[in-house]
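Below, chain A partners chain B and then partners chain C, in two separate complexes.
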Partner chain A sequence: MSARISREDLRKLVAEWLAAGKKVFGPVRVKAGLELYAPLDSAEALLLDGWIRPANSIKELVFPRHEALYGYRILKNRVELVDLAAEIPEQIAIGAHPCDAAALAALDKVFNWDYRDEFYNRRRAATTVITMACAAHDDQCFCTSVGLGPEAERGSDALLHERDGGYEVRAISEKGRILLGGLAGETACPTAQTSGANTPPRRFDSAQVAAFAKEHFEDPYWAERALACLGCGACTFTCPACHCFDMVDEGNGREGVRARNWDACQFPMFTLHASGHNPRANQGARQRQRIYHKFVMYPDKFGEVLCTGCGNCSRNCPVGLGVLPAATEIGNG
Partner chain B sequence: MDNIYQPDLMEIAGVRQHTPDVKSVKLRFQDPNRAGSFDFRVGQFGIFSAFGAGEATFNICSSSNWKGSIEFCFRKVGRVTEALWDAEEGDTVGFRGPYGNGYPMEAWRGKDLIFLGGGIAMPPIRCAIWYALENRADYGDITIVYGARTVGDLVFVDELDEWARHPRVRVIRCVDPGGQTPDWTGEIGFVPTVFERADVPAKNAIALVIGPPIMIKNTIPVLERMGGAMSNVYTSLENRMKCGVGKCGRCNAGPVYVCKEGPVFTFEELRAIPMDY
Partner chain C sequence: MSGSNGFEPKIVAFVCNWCTYLGADLAGTSRLEYPPNVRILRLPCTGRIDTNLVVKAVEGGADAVLVSGCHPGDCHYNAGNYHARRRWMLFRELLDVLGFDMRRIHFTWISAAEGRKFQHVISEITEQTRALGPWRAYEAKAEIDHRGGLVGQAVSPATGRAGPAPALQAPAPLAEQELRDLARRLLGAGDVKVVIGYGAAGPVFVTKAADVERLVWNEGCQANLTTYLKRKEVRALGKPAVVVKGCDERSLVVLEKESQIRREDVRVIGMACDGMGQEKCAACDTHEPRFADERVGKAGGQGGKPAARYAAVEAILAKTPEERLAFWSAEFDRCLKCYACRQVCPMCYCERCIADKNRPQAIDTSPHRKGNFAWHIARAMHLAGRCVGCDECTRACPAGIDLRLLNLTLARAAETQFGYRAGMDPAAEPPIGAYSLQDKEEFIR
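Up next is the complex of A and B:
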């Protein structure tokens, strides 16, 4: 059985969540041409039309750009560590795209292989992802080249399909069922996964990208491709799946916090040794690392690519780089 | 909540200054329960913190047979190591670990051991040397070739003398040409050349080679000429790390996370991955 909800009722639902004190994130229009996932202060702020995908991703809900790991207090030669882990309120991402939700499933593995990162896990457990299947795509979308699609359900707790002025609602996980209750159906939408106008064409073969990155590790291609790179890291920060972080002390000699902040493989300091040696001494090596991590290293460990085809790295790159231009060149042998 | 990033609090139980910018520090767990249960393998590393400055990664350079304390050694080169430099006996620092794979000391049993080290690379070799000496019957002849740029850059010098007094242990000291003092009695030359001159049977030996990239690069062909198998030649990589537990994403060398799958690799393994270290 599938269930339907009108646009008005969807906004009412969001209003109810907000009234109940839940944190709700969704796409909002910051200004013409700039949409972001942001906390909604009202149900009206939720953007339902006229956008392809926000310039950021929902990873901030589970992996904030800044997070205190614990506090420290220094009293003469003794140190006291302070637990700063506050209760994580229930949070909902409404209107995430499949390329956002799928990234959470990939992050789950990184943050839990062997050592379990409870900072991540607590936020993940408190988060329900209500994904909106994509109604359109642009020339930067390439989910179908990395095994996903505009209606893929990986990582989502429920999926909304736009139909006849409203939405078909389907619960995917127990969390989705609990949040939506009787509003959600259980059956898949009848639409075929990869045929609609919402489906980007397959733009490259990710196995070929992996093969090139492995076999042409020292190829001059990387340095040439990176000549324009500014090393700004926008690709990594706006990526739903990039998860590299730095750990620093913020405070003084008496008290402070040890925090983790988003970091980027595009920065020279990222791999700089204390000796001055840097294994990735130029921007070409850093651009290669981003492709290598997503298409070789992560798949080696976890059996899938660490890229969901959202296209954010290219959309946000000031000089037109990112996964898609590179993968199109090296993944179409 | 279980916090994998929260360090153990350690009291500094001793500080030794080796050179104008190298110290080693002995630490004891402040929590007696943790002190009693702590164990590690030589070759594993820790992430050490000076609160207010941050964390840095060092090998645990003491033997795993020494209960009750651990040691690490560092050169003063940055924000964290400058803060550690100023720390005194009785002060508190942080420790997370042990992390990484460590040396396969059990697999090395019955073999001759060759330790080749350069400069500040002695600490990660020192732990294995002590371990082998403390389990002396398990290992064959031990050769230690240790070099530095100058006499003043050698660390753990007193222990070199102590090791040399053990049966079937040969210790060869060297300094780069020009780095000797008038009373220097060791060799003059680079580690690979001095090692080749020493004519050590390498064919069935285990070699542990740690030092600056140029020393490693020039030592490997020597070992190969002497018949050493690359599956028996080990090193410990030093890729920059933050988390130590395979999350923060920076220490990979090609497809391997150095923090979890390393830091100890054979050259056979290293030749199968890209030069990303």
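Up next is the complex of A and C:
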């Protein structure tokens, strides 16, 4: 059966985790109008309501924006590699939304497909995701259009449902069970809602989006749609599921690190060849790529859409683009 | 020589080839002893010393930085030192607001004949820096987890300033219909091929008279659409008309001055505006467009406090340098390097940005604190005396970084030191690229 926890007890739990040296990551209000998932320095900083979703995502926990992979030292006749592997502290995401958690399940596939990415996996193994079912949605939310919902379980280790001033707690995975112990119940929340104020309407059909992208690859639609696009990476960097990265060496003539940083398909440099040729020569091709990857390429390989409907791309786009406006146009036959 | 704790300061001196370097040479040949703490980097001219080099020195662990060149009137290239002096007048104000320790940033004039002055300057700076101790600038303080463990500093709900100012009054009088009629006329007559305007969900590019209903004019029209004039996909559409507010219009003045647009190639539709509820609107003094070819609407009240436009800069300057550095560290730690600030900026039109150049890598691409400080300093300096304060960078930033404060800092410096405000007067001489023999140099010895 499910179990309950009061808001006060939830904060106490967070305080206990922090006191035990665990890294706890949750929504905080950075300044007026800006909520972000960030490491909590106190249980009080955890923002339990008053927001739809933070402007970033919890992918930073498993796939940081900057990650040094190994160091190097240049010696007289050779280069010595330095192992930077360190213990990843146990980390907990609390208050993540189902659209964040589901993205981790998608990332798991990418980072373990043809190659097991040890850097991703060690962070993933150290991470427990306690998801908060959504109590509300806004006009940018579209989880129901990509096969998810405000109470979806994919990628979560435990799920909290806000009920009567407290939360019903349910463990979903072994990790969640271990972390929450006796606090969590096992069965689905008896009062779980499948529709209501927290459920955005279905705004498009993702199969139709895929079909359009396949059949209209060379359509002028893409260039027209992309006219306003500025070519920044705000959409991809705040997307819970986008996972492209760049490799850089940073250091001086004696030593340095090889690191990976987030990269974005919206940057012209992303596909620029050394020859000067750029296979994605214009912003239309780059906008198409983002839709195509999410609705065609990834599903062809892994059987699900690489978009969890969080709406972050549109909320963060300075010029009102993102997945939703395009998908509503091409995914409503 | 070394202090009791064994600390030996590292001083990086960027000197010009013709005066200070020869002055150092003379000191050597004259057997004048000076501390070996200085690392001299010779450049052709102080006018050539990119401010990014100072940032690089700080990143590399310098405890003090010296820039030194020819005395006024002495420059081998006639005026390189005047240009340097002027750039430093602006740069120093930026570093000050960022919370840099200004006691460690030195500027001198040393001629080829002043071996003794070189000796004295180096000795003094070395002693002074030794007393100050190691420079714990942002990098030293950063505790950057190079393994990427942290997502920026932990942020507390208390940080950050108040949100945007409320709208001064109700949104500008609805001039939407007038705008649509005008667009229909311009497109119908073939005067322009595209009208770049505001739509319900972002910028729209109206190419047919029948589509003018897509244009809107409401309190959501915050974007500065002049940024699209530089985009080649938009240029390919043919002659544009662009919808601007009085504030956006200023960027056209700068773009024309910098030969990025020809005024006759753009039809400008100026909208009278009572404010869009943004922070900048509270100090607006350009409610009415001034240079537009077509004008729509009439601004209601004036409102606002133009005189208070730099209040935010003065507020941060009231804090201690340590507090400022901590503030900016927390701000920059949120930076994702998505470059929305650059992409949205009408003034950022370089074909290839310095941040994208990697031979050599002028600015670390990594979004760690070091790379973020370097990027935001470079961006602010490249906009010095050019930024028109449209605040698009701040609006576009998904991490809510207070970028406007950096731009305001340099705008304030340009106005207080040179009486210049970018984009206000087409006839005024921009501060960067010009110089005056009367420029202040109280910071130079």
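As a working rule, the second predicted complex is superposed on the first by the 330 of 333 C-alpha atoms of A that agree within 3 Å, B and C clash if a C-alpha of one lies under 4 Å from a C-alpha of the other, contacts with A are read in each partner's own complex, and residues count from 1 in each chain.
As a convention for this text, contacts are C-beta pairs under 8 Å (C-beta built on N, C-alpha and C of every residue); 3 or more make two chains touch, one makes a residue touch a chain.
Note that the structure is a prediction, hence the values are computed from the model and not measured.
With chain A superposed, do chain B and chain C clash or fit?
After superposition on chain A, which the two structures share, chain B sits beside chain C with no clash.
In the superposed arrangement, which partner chain does A:Phe217 touch: chain B (first), chain C (second), both, or neither?
Touch status of A:Phe217: first partner only.
Is A:Leu40 touching anything from chain B or chain C once the two structures are fitted on A? First, second, both or neither.
second
Which partner does A:Asp117 contact after superposing on A: first (chain B), second (chain C), both, neither?
The first partner, chain B, only.
After the superposition on A, what does A:Pro279 contact: first (chain B), second (chain C), both or neither?
Once the two structures are laid over each other on A, A:Pro279 reaches chain B alone.
Angle at chain A between chain B and chain C: what is it in degrees to the nearest 10, using CA centres?
The C-alpha centres give an angle of about 80 degrees at chain A.
Taking the superposition as given, does A:Ile74 touch the first partner, chain B, the second, chain C, both, or neither?
After superposition on chain A, A:Ile74 lies in contact with chain B alone.
So, A:Ala32: does it touch chain B (first), chain C (second), both, or neither?
Touch status of A:Ala32: second partner only.
When the two structures are overlaid on chain A, which partner does A:Phe245 contact: first (chain B), second (chain C), both, or neither?
The answer is first: A:Phe245 touches chain B but not chain C.
Please give the least Cα distance, whole angstrom, that chain B and chain C reach in the superposed model.
So the smallest C-alpha gap separating chain B from chain C comes to 5 Å.
Would you please give the residues of chain A that touch chain B in one complex and also touch chain C in the other complex?
Looking at chain A, the two contact sets intersect at 246, 248, 252.
Which positions of chain A touch chain C when the two form their complex?
23, 25, 28-34, 36-42, 45, 47, 55-56, 60-61, 64-68, 84, 86, 88-89, 223, 226-228, 230-234, 236-238, 246, 248, 250, 252, 257, 259, 261-262, 264, 267, 269, 282-284, 316-321, 325
Can you list the residues on chain C that touch chain A in the complex?
60, 146-152, 154-157, 159-164, 199, 201-205, 223, 227-228, 233-234, 334, 336-340, 342-344, 356, 361, 364-368, 371, 392, 395-396, 398-400
In the complex formed with chain A, which residues of chain B make contact?
It is residues 1-7, 9, 49, 51-56, 75, 77-78, 81, 88, 90-92, 94, 212-213, 238-240, 242-243, 245-250, 252-255, 260, 274-277 of chain B that touch chain A.
What residues of chain A sit close enough to touch chain B in their complex?
Interface residues on the chain A side: 69-70, 72, 74, 77-79, 81, 83, 85, 110-111, 113-119, 122, 217-218, 243-249, 251-254, 256, 258, 260, 263, 265, 270-275, 277, 279-280, 285, 289, 292-293, 296-297, 300-301.
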